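Both complexes below contain chain A, partnered by chain B and then by chain C.
Entry: the complex of A and B
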């Protein structure tokens, strides 16, 4: 509660001084355990702000809403460490000017929520490096352990079963801060590169394209997994790809706003004779 | 005296229906998702849930459906039609909102063109609805002037009796009577009362909302932009909706042969109204959300005299950013 009250005051000060034109945060949702994104432009709206451990949604995707940052004014946003990594990637991929973002950082352990020191992306580089070196130890998911024991055929069957539920609502794409493409490959229909049908093949095509596209870019904020209305464990795919990229390239996505994208950069002394 | 179907006779009934050639479908709790699916035994059913996560509509209007196979030859095009799979079915344990959804969509699918895929499945399906004895925070059928024991779209309505021991039977249509004639040996006369249906509080004043929506001045209200600011533009609400019925027809294949398919489509997507020229008459998410609300409560009733919403609440329940029809109409009620 103390963190929330302090941040309400901070938001009011930021708006009153004109340092930001808007702050993106959370407000109560339709049931006690739900939170909604909130766009704060006035002091009254700041009174609706809620900040507690149930504020899970990574809000950074709203920053690339068409026109929001084009007036060069600053916008404040509540972000967990994963959200800070997201905006670093968006900056590295030239989707936003990091100078325009005022970070109101927070994190939580259990039900306790605490503020993170700093306002600019650069202030958090130490924290992010620490997270890279010492990832938070969470108990391994039983499902992940089950999958890791499977052979290739069993894994294929498992995912075929999971993807069979996909209805191609694209909630995973829309909820993802990294899915900012003006026209997604699946919406490019002249020619239609990817089947639009949500049959087995179409669902595989979509989910595998997404997995590769997010490799080295996903920060495991969990937005896609929480958004999926048919409960496909999408987090497991992205977690696995992040591990591959970390092991293979020592790349931890979103460390800084100037980090080179792992699958979109080229070095002349690269030992590989090809690029993906 | 009313007839009762006791739960311990359900296995006999299922066997009887199956031997009469009916596929028996009902609410099933899968490992990670609930929906309506075929069962062989009563143990496969899960009657305890408020409602299945997936809507009943997908058994009538699947997410992807092949329409025809085409082969382009030098001077002609060969086509083979696909028809909806044949087979009689009984949906045992539909929710009133899901059954109402089917009745709401009937005039749409039979309007200027009679959709054979829809009507063949409708004609071959018996809908046995179980009145709700529990609801959650998102249920809103009463706000739509429907009820947890609404008979709309159902062939038989069942009312649970105490301790999940069975259901009182109200046969509503000849199709329902025929299906229950098959199992008449297992039914008993009784005067036992039904468990009261759940009380679902009214969440908004529908008439006031409709009046507001019908006022042309409100089409350009700034309300639309405010309410939909957090909408991320996915199709979760439309695809889980028991009445949303939009589809797209796509040819899948190469230059010479392929399959034409009918796939779900959603007004939430930017591509939905994109013209070939690149112009998009609904270029913003607020215009798209306005369309969804206007369609359900203004345009659709204007044409078919019924709202295109049965109050299941799935749109709000599943929304990744906690939006939905309830909140929007509640806010309109306050304007």
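Entry: the complex of A and C
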């Protein structure tokens, strides 16, 4: 509560001083444990701001809305550490100018919310490298461990079962701050790489392609997982890919706004044990 | 009596090294298994993971991807980029249950006609032992778009 009040005041000050044109935050949703994005332009609107442990959504995707940042004015945004990582990636991929973003950082343990010190992306580099060294989640998800113990056949069956529920609503894509392509690969039909109807093969291909596009970029904010209406454990694939790039290339996505994207760079001595 | 299983293998190769290597195998009159369908591309850096998926989608039992040795790329570093991409993609396929034995990667230079012929033979043999990719072919059947390989 104290954090929320403090941040309401901060937002009002930021807007009054004219240093930001808008602040993106949270407001109450349709049920007590749901939150909705709030776009604050006036100090009255700031009174609707809510900040508690149920504010899970990574809002950074709204920053790449067409035209939002083109007037070169600054925008404030409420972000968890994962959110800060995702705007670093967006900046590294030249999707936004990091100077235009005022970060209102917060994190929560249990039901307690605490503010994070700093306003610019650079202020959080220490915090982010700490997360890289000491992941918050030390133990692996039991389901992930179970999948890794399966053989290829069982894994195939497991994922086919999961993907057979997919209804191709593309909510995962819409919710993901990293899926900003104007024209997604599934929308292109010359050539059509992926079966677009929602049979299992098409679903499988879609999810593989999405996971590949997110490898080395996903920050595990969980937006896709929460958005999925049929509860496919999408986070597991992304988590597995994040481990892969961390182990293989020591790449932790979103450490800084100038970090080179892992699949757009290389080292001459990258491992190649699998190449005949 | 059913015919013995002959695997369908799609090979994506770079034109400067592996394709030239395949040419050398041909001009040297080396014999190799006829199961492979070669797709020539400008560089391994041009080989999108989508190609691998598309090959499987069209009913391939195995995929082979091959290009210049590191340091030999005609475009100086296309194969370095490709190598990273493959490593990640291979892990992804493995995690989703496509056995990495069905998707092979190799470096074959223009001078290695013999290596090319040997590799095609050994990959064909391995995939023949694995058998047809039934799981995937079942999925293809569901889509009612018959394989065109």
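One rule holds for everything that comes next: the second predicted complex is superposed on the first by the 261 of 276 C-alpha atoms of A that agree within 3 Å, B and C clash if a C-alpha of one lies under 4 Å from a C-alpha of the other, contacts with A are read in each partner's own complex, and residues count from 1 in each chain.
By our rule, a contact is a pair of C-beta atoms (placed from the backbone, for glycine too) under 8 Å apart; a residue touches a chain by one contact, two chains touch by 3 or more.
Everything numeric in this text was worked out from a predicted model, so none of it was measured.
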Which superposed partner A:175 touches (first chain B, second chain C, both, neither): first
Partner chain in contact with A:249 - chain B first, chain C second, else both or neither: second
More chain A residues in contact [chain B versus chain C]: C
Partner chain in contact with A:271 - chain B first, chain C second, else both or neither: second
Chain B versus chain C as contact partner of A:98, first or second or both or neither: neither
Partner chain(s) touched by A:195 [first = chain B, second = chain C, both, neither]: both
Shared chain A surface residues [contacts with chain B and with chain C]: 195, 197, 199, 202
Chain B residues touching chain A - in the complex, by the definition given at the top: 32-33, 53-54, 63-64, 137-138, 229-230, 232-236, 238-240, 248, 250, 252, 261, 263-264, 266, 269-271, 316, 318, 320-324, 326-327
Complex contact set, residues of chain A against chain B: 29-31, 34-37, 39, 57, 61-62, 165, 167-171, 173-175, 187, 189, 192, 195-199, 202, 223, 226-227, 229-231, 233
Partner chain C, residues of chain A touching it in the complex: 147-148, 150, 152-160, 185, 193-195, 197, 199-202, 204-205, 207-209, 211-212, 215-216, 237, 240-241, 244-245, 248-249, 262-268, 270-272, 274-276
Contact set on chain C toward chain A in their complex: 49-50, 53-54, 57, 70-71, 77, 80-81, 83-100, 104-107, 119, 135-136, 139-140, 142-143, 145
